[in-house]
Amino acid sequence: MQPIASGRETSSIPPQPSGGAPVARPRRIRQLYTGWAPYAFLSPYLALTAVFFVYPFLNAISLAFYQTNGPRTRVFVGLQNFQFLLTDEVFHTALWNTTVFACASVFLQLPLSMGLALLLNRGNDRIKGFFRLILFSPNLVGQIFVGILFGVLFTPRYGLINRVFHALFQWGLEERWLDNPNLVMPAIVLTSLWIWVGFNMVYFLAALQTVDKNLEEAARIDGANAWQVFWHVTLPSMRHVVVFVVIMSVIGSYQLFELPLALFHENGGFGPDNSALTVIGYLNFVAFNSGDLGLGSAVGWVVACIIFTISLIQIRIARVAKE
Amino acid sequence: MNSLQILLLVLLAIFLVLYVSSPQRPRRAFRFARWVLLGMASVAVLAPFVWLVAAIFKDKTVLNEYLFFPPLGHWSLETMNLDNFVELFRGKPSIQGTVHFWQYALNSTVFATVSTCTQLFFSSLAGYALAKYDFRGKGPLMIFMLGSMMIPQVLLLAPIYEMAVDLGMVDTLWGLILPHVVSAYGIFLFRQACMSIPNDMLDAGRIDGASELRIYFALVMPLVRPMAAAFCLVSFLGNWNAFFAPNIFLHSQDKLTLPIILNLYVNEYSADYGVFLAGTALAIIPPAILFFALQKEFISGLTSGSVKG
Amino acid sequence: MIEKFPYGKAPFWLFVIAITSTLVLLAVRRERPPRPDLVMVCFSGAHKAAYEHALPRFEQSRGAKVQVQLANWLSLRTRLQNAMLAGTEVPDLVEMFAGSLGFFTRGPREDIGFLDLTERIRAERLEERMVESRFSLWTARGRIYGIPHDVHPMMLVYRRDLVEKLGIDIDQLKTWDDFVQVGQRVTKDLDGDGIIDRYMLNLPQNGNWALESLLLQRGGQLFDEHGRVAFNSDETVEVFRWYLRQTLGPQPIAHDCGWRQPLMKAVSDGLALFFWAPDWRTYEFQDGLPLLRGKLALMPLPAWHPGGRRTSVWGGTGLLISKATQRPDLAWDLAKFLYFDREQMGRLFADTNIIPPVKAAWNLPELNRPNPFYSNQPLGRLYADLAAETPPVYSAALDAVAHTKFDAAFSRAIEYYKDHGEQGLDQKIRSELSYAEAYLRRMEARAHNLLAKE
């Protein structure tokens, strides 16, 4: 048995308050073990991270300044990759499409998820579980499979979506969702709603459990209507989760790729007139279709910076909103 | 399909009637509305699944005639049959010989299960180490791990691909599994789960003469089973449905996984889409099974990381 | 035992499945059938069928096993390139469509995954034995990587019965100017309902293949022999202008008759009198319009200038050999067998009306036989006579992008023409072409970084 190292802290009972009954309040001290075990347990992580994270990460920094043709040939080009991205209209289109999608995700999808979570919150546990299961189920299906399925659902005249829209709104039976550049992004947003509304709803539902019902009741007694209760009491209590979900949503949106790729399989995920091209789709095309891993790295850095900046901004906003 | 519009109008009418009957306390009206809205959401979510199941059994000729299933009177071998599956399971020629659908399913299974199991083992081991041990460099290591979680995976894909080609790891399943065996996210999940294990129990185990590894297996892991189940499910889902990395790493036809081959089939069977829809339906089954078995643990595991901030 | 598994029930089953499936996978891998000596990939079902018919003779004489596979080009192209760059398994021979070579030749020479066949071709004097201009499709930076499968010269198929009834003398249609003059006389609204019922010529509305064919006939090019973009030229402007005038002008002579069914209907209705026909299209008409037997005939294209070129080209396939093949000599022999075997070429012509690029084969009886469908004209002979004049079509790494930009430039020209007619049209076309060229030059400059090492 290994000797316990000398770094051990001893538990101490705080001094008794004088002149009163002794109150034993043992502080919870962590008696943590030292020795070779933690190093052994972490060694796979350390080894693999060094090889498959640190080394590629450093490589990615340098790769962005090269132009390559496949994994074996490379030429140093300095900042040319970034210059190219600044002027390439296809990249700008991809950036625009992705940003539009991210906005739709945050301002369309999340309120829908929140709404569903609020609706579901009232029921008893079994009802909650039942609907939660149903509404979450699209998440099981990989993005590629969803894209394949919905590519067929958007068929003009015969597709499920066209027929439903026609039945409800008398419009859209012959609409070519996947051929009309103006309808492409709505199609993608609609599909992503199907996938993600249930997913985010689960988070919001869990967060709603932790909201103090008494606070809500108090506000209601004070005369606030349902919307005011929600906006001023419920939502702030869920602040952490909301910020987390928003950030996750934005980060996920900027990495959208497999869904448009499967929906627009004939031209490799670009869509008519490049309307379905996302930033990662552009990266995939540039790095793995055209073979320029260097330019792909540069795109990867741009995406990472965008995500990082947006996350920072959001955290800042959330902190400000707290006050 | 105007029956749909009529149905909506009827529901609206019922709501209005309930509301009008007691405007002061419209609880019944709102409860009705809640059920209707939830029902509509559920129908919207389930409809594509039902359509998928119907589509894979419908014969090519009647695929577009009926929206979902043909009316019971019209069921026959001409309208409903297994032709799509026959075509799906037929072997296709390739450079590596004839490849069948079950081979792709096998590749996916190996990739997903082996990845998940190795990820489970190494992540839980490391998470436990971070939770219950103190050692030099722990602080910096955790900061490093937190930072690494902020880097999007896609940034590293190009350099890892280059490395894989140089090491001869490209076009192999193990070469695909290895780079992702440990993730900081999983480690943090397990760290969180292991934190709440009482130290006295661990010490008791040490006094009894158990080795550290034995403690891990016999004492710690059984206590974090819910988290292990949740992690398994998330991990399996991610690996089973993975497309981007496998698509780049795998070149030979006989090594491809289900998402890749079904995406290829969309081009090949663009007119005959019952075939690849059948493949898609089959591909959804394993994650569905796992999900139904583990849904409670999954939901709790998913949200535990976020609710506590 | 399941209860004692540390991680719980579900992980236990996952472990079990992981182990069993890995074992099954290893067992399956070990049992792979031996690889045939040569694996060839092609993208046309008709070609595959034709090759498989002839293969047994080759396999017997060489004692080798050959497998031909059909693949989907879209899916395979990128995967093939990545496999070649990463050194994983590739087929020995690939038959691909015109315009595809550029994708594989964008990098430095050592990265090109196909065998440089220049020496072999020169040694066996294939450039003299075949139509030399067809090698342009398969040449990159001065080296030849593929053998052409066909020539696809262009002629016009016309309704001989209707043309004779109108008193048009085909021999007088020597230039496009003659053609347009007659066309304006012929194109008219026959039943007074405001819709023109008879056009002179079939031309697709948005340019497409016809625009490029006309440009090539005129002496223009999309790319020069170095693979650089070359369509910003006077010839292109003139062809654009001519094309717009004939399809959308005040006196149009051309109409978009579509593909397949609508095209067949247009021919049989006489909606247009003259139709573009590379050799393979003549077979489509022959097969799909039995009622017009004897009523159709062929004529060479009217030239742009008196004495000018009277044909053009459209498409084609070629055969390339992977650099990574284990049996390059056997592959080369197979390529020659498939493309030079007289029986093969005869059957190909009989089944598809496609003439081979091999000059010695033009005396095959099948090619010189009068074709009763086409008014007993010796179809093969007519195309073969034009074969030597076919313009070269150069390959380029930016082929796909350049085509997109070229088509986009023409689309914008169409819009401009609809709004403003010919006023300022030339400048507009020029500016669109220059814009497209500038974009492509930037990409060429980038590609040049990789080639600087050569």
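First chain written, first letter: the chains are A, B and C, and each begins at residue 1.
Here is the rule we go by: a residue touches a chain if its C-beta (ideal position, glycine included) is under 8 Å from a C-beta of that chain, and two chains touch if they have at least 3 such contacts.
Quantities reported herein were computed from a predicted structural model and do not represent experimental measurements.
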Arrangement of touching chains [line / ring / star / complete / other]: complete
Selected interface, B-C versus A-B, where C-beta contact pairs are more numerous: A-B
Geometric centre distance via CA averages, chain C-chain B, whole Å: 43
Inter-centroid spacing, chain B versus chain A (mean Cα positions, whole Å): 15
Interface hub residues of chain C, defined as touching at least two other chains: 74, 82, 86
Where chain A touches two or more other chains, by residue: 71-72, 266, 288
Interface hub residues of chain B, defined as touching at least two other chains: 165, 216, 248, 267
Chain B-facing residues of chain C, complex: 6-8, 10-11, 14-15, 17-18, 21-22, 24-25, 28, 32-33, 35, 39, 41, 67, 69-70, 72, 74-75, 79, 82-83, 86-91
Complex contacts: residues of chain B adjacent to chain C: 93-97, 103, 106-107, 109-110, 113-114, 116-117, 120, 124, 165, 170-171, 173, 216-218, 221-222, 225, 228-229, 232-233, 236, 248, 251-252, 254, 264, 267-268, 290, 293-294
Residues on chain A engaged by chain C in the complex (per definition of touch): 67, 69-73, 75, 77, 80, 84, 87, 266, 268, 288-291
Chain B residues within the chain A interface of the complex: 1-2, 4-5, 8, 31, 34, 37-38, 41-42, 44-49, 51-52, 55, 63-64, 67, 122, 125-126, 128-130, 132-135, 138, 141, 148, 150-152, 154-163, 165-166, 178-182, 187, 199, 202-203, 206-207, 209, 212-213, 216, 237, 240-244, 247-248, 259, 262-263, 266-267, 270, 273, 276-277, 280, 283-284, 287-288, 291, 295, 299, 302-303, 306-307, 309
In the complex with chain A, residue positions of chain C that touch it: 74, 78, 81-82, 85-86, 106-108, 110-111, 442, 446, 449-450, 452-453
